[in-house]
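Look at the two complexes coming up: subunit A is in both, with subunit B in one and subunit C in the other.
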Partner chain A sequence: MDFFEVFPAMDRQGLRDLKKGIDSSFREFSRSYGEGIEDFFEPLLHFLVWLEKLLINAPWPIVIIGIAGLAWIGSRSWKLVAGTVIAFLVIGYFGMWKDTMATLAIISVATLLCISFGIPFGIWMARSDRVQAAITPILDVMQTIPSFVYLIPVVMLLGIGKVPGLIAVCIYAIPPLVRLTNLGIRLVDKEVLEAADAFGADYRQKLFGVQIPLALPNIFAGVNQTIMMSLAMVVIASMIGVKGLGLPVLRAVSNQYLALGLLNGLAIVILAIIFDRVSQAYGRRLQAHREGNGHD
Partner chain B sequence: MTDTKIKIKNLYKVFGADPKSAMEQVRNGVSKQDLLEKHSHVLGLRDINIDIPEKGISVIMGLSGSGKSTLIRHINRLIEPTEGQVVIDDIDILGMSIEELRTFRRNKASMVFQKFALFPHRTVMQNTAYGLTIQKIAEKEAIERSQHWIERVGLSGFENHYPAQLSGGMQQRVGLARALTTDAEILLMDEAFSALDPLIRTDMQGILLDLQAELNKTIVFITHDLDEALRIGDGITILRDGEIIQQGSPQDIVMKPADDYIADFIKDVNRSRVLQVRSIMVPAESGIGPHLDQNMPLEDALSRLSSEGVSEGSVVDQAGKVIGQIALAAAVEAIRRPERSSQDLQYR
Partner chain C sequence: MRKLFIGLAVATSALLGLSTSAFAKCGDVSMAEMNWASAELMANIDKVILEEGYGCNVELVAGATMPSFTSMNEKGQPDVAAELWINAVRNPLNKAMKEGRLHSVVEGPITELGEGWWIPPHTRKKHPELKTVLDILKRPDLFPHSEDKSKGAFVGCPAGWGCQLANNNLFRAFEMEKKGWVLVDPGSAAGLDGSMSKAAERGENWFGYYWAPTALIGKYNMVPLDFGVPFAGKENWDGCIVKPEQECANPKPSAWTKSEVHTVITDRFKKQGGAAVTYLTKRVVPGPVMNSMLVFMADQQAGGADAAVEFLKKHEAIWSKWVSADAAKKIKKAL
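Right after this comes the complex of A and B.
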């Protein structure tokens, strides 16, 4: 009856050896390649540090004017620009300016990184069903695996710091962009594509002239999701050495500082709302052709 | 007789997982029904042979599922046939490389679609200029050439509108302008006017006929509407279940339907408008009564005869030479009842 009461698991010794084997071989791997991988990410680190210093060292009124300018370019709405300016003034008044700038820097770099990898992968997936079948489960894993689990190998490889934090953010934030780019391109009207074919368009002309422009609403929803999710990762990334609004939140959790946690948490929320509204307004503006005049 | 522009020879299309082996069954004479039930392949087209003459409007007609849209897509190879040849100007387009095929599509054949298939993110001008953009023609020239066709289809003033801001009829004018802008010799029209309401459709047919009188393109026009086919077609091919069941001029189709299916089709046609004097005349060197042009519809001939109070007329050709005569009674008879003889018909 033992068989039914105790699960026939692998014996302890074997299990221990297996885990040890995996650990030591990965350690071996990181010892021999870790440095090379670090060198590979060096330019990224420099860019991130440069952007962070720029935002922190620049006089705050200029930063606010710059952000307001971006909000205007994106949304063309005075209301949104005014809201953005007020939000940043409030954040600064409550002493979170520096942390907010650090967070802004990492979110911007993470978003750029996600876009430059996510959109090409999405396009590749849309091109072939086989690629889609191969990438979809990887995206599922990236989205569902607890962040702490992939923090371990990332930290083992690259140590504690900004770059591993950035990578952790991207692993979490890139899947929706890949998925929505793929979906957007696949949803492009087949008849419109056929028309492009009938006029002799080649692959590039179809991709850049028809598919991507028509997939933009979906691609933009993906970019928006990516920004939101990277903001959500800020707190977890602060555990492995990313500065910014996440760090005080982490300190507040471990020391039970309610006000500190609340203030920094709300600052993250405010950033999220601004990013969301501005990027959505921009996405809508790209869709000028959708506004029919109620003809017919 | 005009030259053949597009020659379709022994064309077969089988849809399914393994068309090649299904082709064996088709060649052994398996019916469309059996092919679907026993081999789960769909027979799209069976042994299609058509010679499409240069500079005319050739109509391919059939109901949905007859394979007509599949057939037209073989002419610019949007669909690859399972077997057969499509020869255009003595070149088999199935032998073209992808690059050659693109050049062919850019310069030689343009297409108008049933659901317009306009690019929603491009303005009327940008849509019209699409073919030229693809050919990388300088913007200035592209705009000039597009402007010309936008004006020809009557859309001046709408250059900067997006398709969603236009009515269906206007959208299809853009579709037509887009196809004409590349100056292709061949114009493929896949149920181009079927999605439009009847008045607009008649309107568009008029526009097409006017343009054709001037441009003399080789037009392949797909439709399920017999009145449309009879109005614009110089020649009509009728398809059913992927097979050709009759080819001929509108006169032939109405006067001598090949089988009950077609007879049923033409039952409600306004025969007096379709039939022309020459199709019921009796050849003769001289005649009495008023001179009637050989291409005059019976409708007009009848009113001429009755207004002059005579029961016979003589038929003349373009030069005014008498080539035959018609009797009032014969004309009335021709309008009244479909004649069903299968002699001298082109069965394929």
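Right after this comes the complex of A and C.
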């Protein structure tokens, strides 16, 4: 009856050999392709470093005006622009300017990348049930697997720094957008699509003229989630050396500095809220046609 | 008659007292299991020995140098820190020891320890002229930082490690920023290990902080560097180098202090621990044995618990000297 007491697992040595086999094959892969993969990401790294230097070295009034300008273009709301300016002034006043600029640089690039890869994937999933069945488990893995599990091979390939951090953020932040885009497009009323067909719309006209506009609420919910999740990953990215607000938070956690952690954490929250409100306001403006009172 | 009764009572209680202390139920003990391999191994060896040999109820509490020490200092929890590297906390630790809140029971629970700055062996082979830290500081071009190839990258310590403050201040003391270096914060132990492993595997140059005994140093045969300057005195080290930047205005360049590691226990445990405390005073692991255990842990991907069992099975000659004969018998039976 011992069979039922302890689970009949693989014998220790077999398990160890399996693990060592996986490790050594990854090491071989890293040795042969590591250089190539690093070179592939060089341009992205240069861009990230350039953007971070730009934001950090530009005089702060110009940066605040630039961000306020972007907020205005996105939302056309004075309240939001004022809130953004005040938030950044407060962040700067508490000595977190440099870190915030570094985080802003990497998170903006991450969010843009996520959106540009996520929406097409979502559209692709919406086209075909088979693709959806194939991609959904991949999304599940991306969202739930503990970050360090995929960070270890990434660090072995690319070292510590911005690009592995970006990869970590994107892997975690893309799934909500893909899922919600897929959902939004699939939820578009069948009758509306039939009407579009009846008017002689081809695939592209249907996609960009009917499906995407009608799916926008869901797509923007996805964008919101992506933004929130990429900012949530800031601290994990800092665990592999990405500069920004995550490093002081790590320091605070390790040394029990409550105030430091709180302040930097709140700065991350403020960034998330600003990103989110601006993109939501932009989304609402895009859907002004739905409200019927379409003046902005 | 009364005298006889009293005498019997005293004798019985004395006998009872003796027998209970022989099988001392030492109660609940919490031990810090710090987040590096040798500390994990020490904590697990202690746990097995105390639970099987002395009947303690041991709880392992995850931690690291700074948070575990602060917790022991402020709250008296956990009871035992098996491998506390005290260079960064020397002053507060001395204060706590003088006030009787904490006690050091063993100085050097592992022999042949060392912290410092290291380079991979292929760098030493390719550039034999770089003998000391001062030589390396002249060549930041050999250690390009991935994000800014014009500067050299020196990999420091992650947050929460005592050495983060020391590396920061030594970076300033050696004027490394002026010489074209960047202090890279690896973010976490995994980041530091990953950075060193990647460079060692790919044959790239790497320059940064690490310590022995560790599996990675043994695995890659990393080369420790001579600092090129002598140790600049305790006042400079304890009063400045290990303090946060705002409390250290003028750090002087210095070699790394001799690493002191203690097993530190709280006052409460010292009073109530009984035989467990005696065991801790005798427990010293020889450096080469620790290195071999760490290589075992890395090769076999064993955690602290598995490695502790392996250590107890293979090195009976060593650990049987730390425990009483009774406890040794009980531990052997449990393995």
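Quick note on the criterion: the second predicted complex is superposed on the first by the 291 of 296 C-alpha atoms of A that agree within 3 Å, B and C clash if a C-alpha of one lies under 4 Å from a C-alpha of the other, contacts with A are read in each partner's own complex, and residues count from 1 in each chain.
As a convention for this text, a residue touches a chain if its C-beta (ideal position, glycine included) is under 8 Å from a C-beta of that chain, and two chains touch if they have at least 3 such contacts.
None of the values given here were measured: they were computed from a predicted structure.
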item: Simultaneous placement of subunit C and subunit B on subunit A, clash or fit; value: fit
item: First (subunit B), second (subunit C), both or neither touched by A:179; value: neither
item: Touched partner set for A:250, first subunit B, second subunit C, both or neither; value: second
item: Dominant toucher of subunit A (residue count), subunit B or subunit C; value: C
item: First (subunit B), second (subunit C), both or neither touched by A:191; value: first
item: Which of subunit B and subunit C A:213 touches, first, second, both or neither; value: first
item: Partner chain(s) touched by A:277 [first = subunit B, second = subunit C, both, neither]; value: neither
item: Touched partner set for A:200, first subunit B, second subunit C, both or neither; value: first
item: Smallest separation of CA atoms, subunit C relative to subunit B, angstrom; value: 46
item: Common ground on subunit A, meaning residues reached by subunit C in one complex and by subunit B in the other; value: none
item: Residue ranges of subunit A in contact with subunit C within the complex; value: 16, 19-20, 27, 30-31, 34-35, 45, 49, 148, 151-152, 155-157, 159-162, 238-243, 246-247, 250-251, 253-256
item: Subunit B-touching residues of subunit A, taken from the complex the two chains share; value: 189, 191-192, 194-202, 205, 209-210, 213-214, 288-293, 295-296
item: Touching residues on subunit B, where the partner in the complex is subunit A; value: 76, 78, 101-107, 109-111, 113, 115, 117-123, 130-131, 133-135, 162-168, 178, 182, 188
item: Subunit C to subunit A touching residues, read off their complex; value: 64, 66-67, 70, 146-148, 158-161, 184-188, 190-191, 194-195, 197-199, 201-202, 299-301
